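Before any comments, here is the structure.
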Amino acid sequence: AGEVEVGVLFSQTGGLSIVEKSLADATLMAIEEINAAGGVNGMTIKPLVEDGASDPKTFNEKASKLAIRDRVPTVFGCYTSASRKAVLPVFEKRNSMLFYPTYYEGFECSKNVVYTGAVPNQQLSNFIPWMMETLGKKKIFIVGSNYIYPREMAKVSKILIEQNGGEWVADEYLELGHSEWGAMVSKIKASGCDAVLSNVVGDSVISFYREFRNQGLSHDEIPICATVTSEIEIAAMGAEFAAGSYTSFPYFQAIDSPENKSFIERYRSFVGDPSAVTHHAMESSYFQVFLWKQAVEQAGEASPDAIRAAIGGQTFDAPNGKVTVDPENLHTHLTPRIAQWGEDGQGTIIDAYPEPVEPMPYVAYGETPENMFCTVAGLDSSKL
Amino acid sequence: MTETLFIGLSLSSILLLIALGLSITYGAMGVINMAHGELVMIGAYTGVLSGIYLNLNLLFALPLAFMVSALLGLALERLVIRRLYGRIIDTLLATWGVAIVLQQLIRLEFGLSFFGIHVDGLGPGLQSMDVPSFLTQPFEIAGVPIQTYRSFIILVTLLLTLLTWFLMYRTSMGVQVRAIMRNPQIAAACGIDVRRVSAFTFAYGSGLAGVAGVLLAGFKTVMPEMGASTVVDGFLVVVVGGVGSLLGTVLASAMLGQINGVFAILTNDILARAIVFGVVIAIILWRPRGLFSFRSR
Amino acid sequence: MLSLSNVDSFYGRSQALHDMTVAAPEGAILGILGRNGVGKTTLLRTILGLTDRSEGQITLGDKPIARLATHERARAGIAYVPQGRMIIPDFSIRENILMGGFAAGGTRRIPDIVPELFPYLIENLDRPGGVLSGGQQQQLAIARALACKPRVLLMDEPTEGIQPNIVAQIEDIIIRLNSEFGLTILLVEQNVHFVRRAAKAFAMIEHGTAVESGAIETLTDEMVNKHMAI
Amino acid sequence: MVAALTIDALEVDFSGFKAVDGMTTVINEGELRVVLGPNGAGKTTLMDLISGKTASTGGEVRLFGRDITNRPEHQIARAGVGRKFQIPSVFRDLTVHDNLRVAVSHEPRVFRNLRLGMAPADRARIDEVIALTGLEPVLDVIAGDLSHGQMQWLELGMLITQQARVILLDEPTAGMTQAETLKTADIILKLKGNHTLLVVEHDMAFVRKIAERVTVMHLGRLLAEGPMAKIEQDPAVRDAYLGSGGAH
Amino acid sequence: MTGNTLFKLGDWGIYALFIVTVLGLPLVMDDVFWLNRISKYLVYGMLGIAIALSWGYAGILNLGQGLFFGLGAYMVAMSLKLQSYTSTQQGSDMPVPDFMLWNAEPGAPTELCCIVQGSWLWLPFQSQWFGMAMAIVLPVLIALVLSSAIFRLRVSGVYVAIITLALVLLVRLLIIDAQPITNGFNGLTDLGWLTVAGIEFDPYMVSTYYVVAVSTCVVLLLTRWLVSTRAGLILQSTRDDPNRSRYLGYDVAAYQVFFFTVSAGIAGFAGMLYVIAAEFASPSFLDITFSISMVVWAAVGGRSSLIGAAIGAILINTIEATASETEMFQEAWKLIIGVIFVLVVLYMPRGLAGLAQDLLGRISSARGSGDKQAARSGAPAE
């Protein structure tokens, strides 16, 4: 009996809506499934959908609408770090919870956010050693979009590359959304590298891979090993441009499990598009609703404090396998995987961690499983 | 070195491709068409859709996209621009609104998504255009590998520039266009059909945007926002070159493209872009009417 | 030849012609007189459809033209020498003259009378129109109108700002255009002497209305004093 | 006698074409000097050079002994030169009254003008000018709506309001009826004495009414200078400018 | 009563109504969310005023007003960042923004002076007042230098717009690139609250609303005064015909520089208030779309009416917010906004203010005195 309201805050319009709409859809699908199965504690979930319009200012405004006027205790939302940063003060100062589904750069620890996407160590800790050893590539050209995520990824990668006996030959950035890759690719050509580590995000990815091929480079000799290139971009660029390159993510559409197959099918029928692709942040958007539901059920109420207390340790069998919310830092244990893209636009999973990896948002700053900086109460800066 | 020059040249050709249409609609007609980028986008989508539905390859999509964008430009001129001639800032504002509308329409697949109808190739997702394989294999000139597709763009841009120059300076249509730009009343009093010529000119400039869209779609993501960022660069080129001067537009794009290319190689792309903006500001301060412009008393 | 009856004309919301009725007889010069700001220029602009809006009948020959677009009126044979000349500054003299040709079926030839009337222009065909002196621009404006091959010529103070010996020439030209080429001319002119000498008919404008009109012989000094003094 | 305006071997070169070519003349304080010359003789250009619109390529302009050659326009204006253009130039979006208010420019600096209203003396001055030019009925009309002739009056009124010591008038009667031309002549004659005037005009009736000393330019150079009567008889002037009739 | 005085009364009436409404709003509305939202829109209104001042009165279209807004915002955000709890918890004597730590090279000193390259720039921002002063001083200084160059060199019209556009793009690029000291793309978040005499200004408190509301009213009245002065009149004359103004002895550039700079100062001030109300600063403030939006707000409200532009900004944003929060329009609201822009430009070229004026003009001329001023387009509304 009764209803529980939650916020769903993604961009429905503007440039980022391309990805964010799929996140909103996944969230709504999860809500619908939970409702169909009887809701949370017998309550129906009522989603309040708001449009962040791809603009941090709007995200901030809509977040305060949800948290302050509609008084929803939980919001599922945000894709970019910039939008998360813009809404963070609202959630922290109004004590409301944000469930954030995207892989991100780390360096954040908020008692008001549950992070269900990968942090750098969950994408890189097997990727880099694998590149060095299995692929045998030692000279790495690091390239990314010019903002914090790629820069932090680069920082973590450099540590790992050096630990594994490789070297990085360059660390270059291009404006977000920029699509002119001529100069960069010819730098890659001239650098003498034997692999590229790409932290390029968004639509720039497509022009990158296309230019890479147009300048006569091939993934056989110099593979692009990417941390962000997902099914969406592959589908958009034309599979032949990516064929042979690699990506590291906890989730791929290609994961061969009954849960995942069923998930893809349900999603496709939910959005009414038989060729819709699924991807990491979207899958997190989906399973994080279930984690939330379990927490509410365990706590018996939906208040932010109760959720925070109950969410740690929640485990769920997500399409990508078992996920667990770390009770220490409210990030999520995920299983890193590496896929090689094929001519059909699908990845083949060629390497996976045997088990979920512990999230360490401060890994570039020396965080280790023995010495965690982030706690449920927020950052413990005395440990820094 | 040759490669750097080639990169600069291809950057230039893309700038010119965008700026060419603007140099007509803005330079010759005094319309700041903020929706120009959206016409580019429509051209790109025309390419994508004609690939999906008509199985046309890029070469044949070019004239089709020209037609589609030109028709759209014609409609735009009829419905909006026509009432705004001589009010340059108002054209900027109104077409800004048009740009928002066009983007959103494509995103909503012309609003059909309201009714649950889905058009393959349109919509909010990322799209791309297939490039025939003979345009993707790099070739070599004197040991330097040259990109075929970039060369193709340079060639098409060159042809379009010549065509435009011929139309504007060697045909009576061109005289009429330029006369209208300077003084529509006296042009009309001299027997020039202002409405028809304006509509034609605007449609032509818009059509050029459509062609640019297809060519860009060959190496850029096709999505509703793809044009928005190009239009600013286009304006910078037209203004730096001198409004109304085709030669200025060509030289300005050559110069800015080379500066961008050289600095991108020497330093990085971000700094290169910053330098380009700096150069633009400096040039306008130095020659407030652009590099090539006529000064009356 | 050209006649207006009961024409109202507007700039935006303000009305500049009220119930204007005038007629220019075929092959004659109609002198249009009146003080500053009474609407003489507006009258000519209305004939070409260059005001914001107008109502009433305008006929050329026996063809109603009030519904036509400006360029169609021009092609029907009305040419205009505007007050303020309106030369296109960055067009060469040649291009400025040839512009008129669009009304005459798009010919690209400078009419033969131009070299005879305005040698300066022909000697400087490639200079930009914008750098010419006021008087030179006036000549250019007339040349441009002639390139339209008009049946009716509207001239708005064509001698304003012209050096005296050329004023005399232009006056001669106007008379010749009328007598030798049979042009009907609507001539706005402040110089009553000249109007008396050249025109066959006159119209005296006051507050956007033709208050007096008729054969030139009927133009009395009283009328001039009454309507053109301050 | 004090020389108000001294023009000394002034020349300007428009990429090879000398529109004013070694022009020299001296205008005394309080004098009314008429400049005649064929179309294209360089009269307007001469005014452009004096008022700073065009930079000269040689020679000098002195205002009451002070060198003002090639100074910025506003400084020349502040030094005391006022100018009326051949194509009337007024503030088309402001009312006639506001046009005159702006013309009160004895205190041109920004910060001095950060105040509401005007000094009574200035207001009185504007009223005088309104009376003189007869602009009373159109005071609240937006200047862009005036007819060509009315604009000429307004511009003249603004110059008087400005209290320039030397006034340059480029064809002030263009587009006026004879009666209006005569009235303008009256206004100009009233200004003589208080102001130094340099008038360019082609209307010989008007010129005869106002002129004392006349300068004739031809091809950018001084062709003749002297009293009106003598000039009218000068064969060179008749040849280049007046023509056989000279009058009409 | 003559038509003219009626007209003036109507004009002042609108000002009075606006101010009373803005200041009295908290008495009738106790929804803190809406108060906060409206305070943000009032800030946008202030931007509208700044645009109307430079565009409507000076004829200078600034397509890069976001530069001044953004710089104002960053200045305050820097000092509020140093006041935030996290900044004081980084284990050094002086507060250090958390992101600087993440961006620092391992082993770098953790002092504000030198943790990352250029971080010493932050030192003076430990004083909140310094940040607030700089929010106005920096935009004013930049505007002064920029506009002196632009206007002394007689750049005008669209060319000014292009320069400002290029500049805002340039600065945005630099801010994003200087990530170690600016936090790049993510902007400055997690800020402390403005604190005056021990009172903290929580953005969702009425007192913060009043800070913004009173500032807006003061700015409105000040600019209104400014354009009514002789300098304002002379400014309008330079817009109409700069050459004529020059020959009257006015240094046109000086007037343009002055008002351009005032407009920039207002935008900087608005940026500062925005940060206080929204608790973050981001490079998106320097996006072109935002700068163009400001111009559109002003156009909708009436480009040559200060109060019209302010109301236009508030209105458009309210419409956007409500449309995007109405379920039916959630996907299509941008379409609606786009159509509104087009229609306004086509059919209401003088915006809301023009409409109001025509109405007042008609009433007042019905009273017997034809007031041409009111019916004429292009002339400033007030």
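Just so it is clear, A, B, C, D and E label the chains in written order, and each chain counts residues from 1 on its own.
Methods note: a contact is a pair of C-beta atoms (placed from the backbone, for glycine too) under 8 Å apart; a residue touches a chain by one contact, two chains touch by 3 or more.
Predicted model only: the values in this text are computed from it and were never measured.
Here the chain-to-chain distance from subunit B to subunit C, counted in touching steps, is 1.
Chains that touch both subunit C and subunit E: B, D.
Of all chains, the one whose mean C-alpha position sits at the greatest distance from that of subunit B is D. In terms of their C-alpha centroids, the spacing between subunit A and subunit B amounts to 36 Å. Centres computed as Cα averages put subunit B at a distance of 48 Å from subunit D. Averaged C-alpha coordinates put the centre of subunit D at 44 Å from the centre of subunit E. For subunit B, residues that reach two or more other chains under the stated contact definition are 104, 270, 273, 297. Among the residues of subunit A, those touching two or more other chains are numbered 13, 146, 173, 175. Along subunit E, residues 173, 176-177, 331, 334 each make contact with two or more other chains. Chain contact summary for the complex, subunit B toward subunit C: residues 172, 175-176, 178-179, 182-183, 185-195, 244, 294, 296-297. Against subunit D, in their complex, subunit E makes its touches with residues 225-226, 228-231, 233-234, 236-237, 239-241, 243-252, 254-255, 258, 371-373, 376, 378-379.
Chain contact summary for the complex, subunit C toward subunit B: residues 48-50, 69-72, 74-75, 79-80, 82, 86, 88-91, 95, 98-104, 106, 108, 128, 130-131, 144, 148.
Interface residues of subunit E facing subunit B in the complex, by the touch rule stated above, are 61, 149-150, 153-159, 162-163, 165-167, 169-170, 173-174, 176-177, 288-289, 292, 295-296, 299, 331-332, 334-335, 337-342, 345-346, 349. Listed in rising order, the residues of subunit A touching subunit E in the complex are 12-13, 49-51, 53, 55-57, 60-61, 64-65, 68-69, 81-82, 85-86, 88-90, 92-94, 107, 146-148, 151-152, 173, 175-176, 364-366, 379, 381-382, 384.
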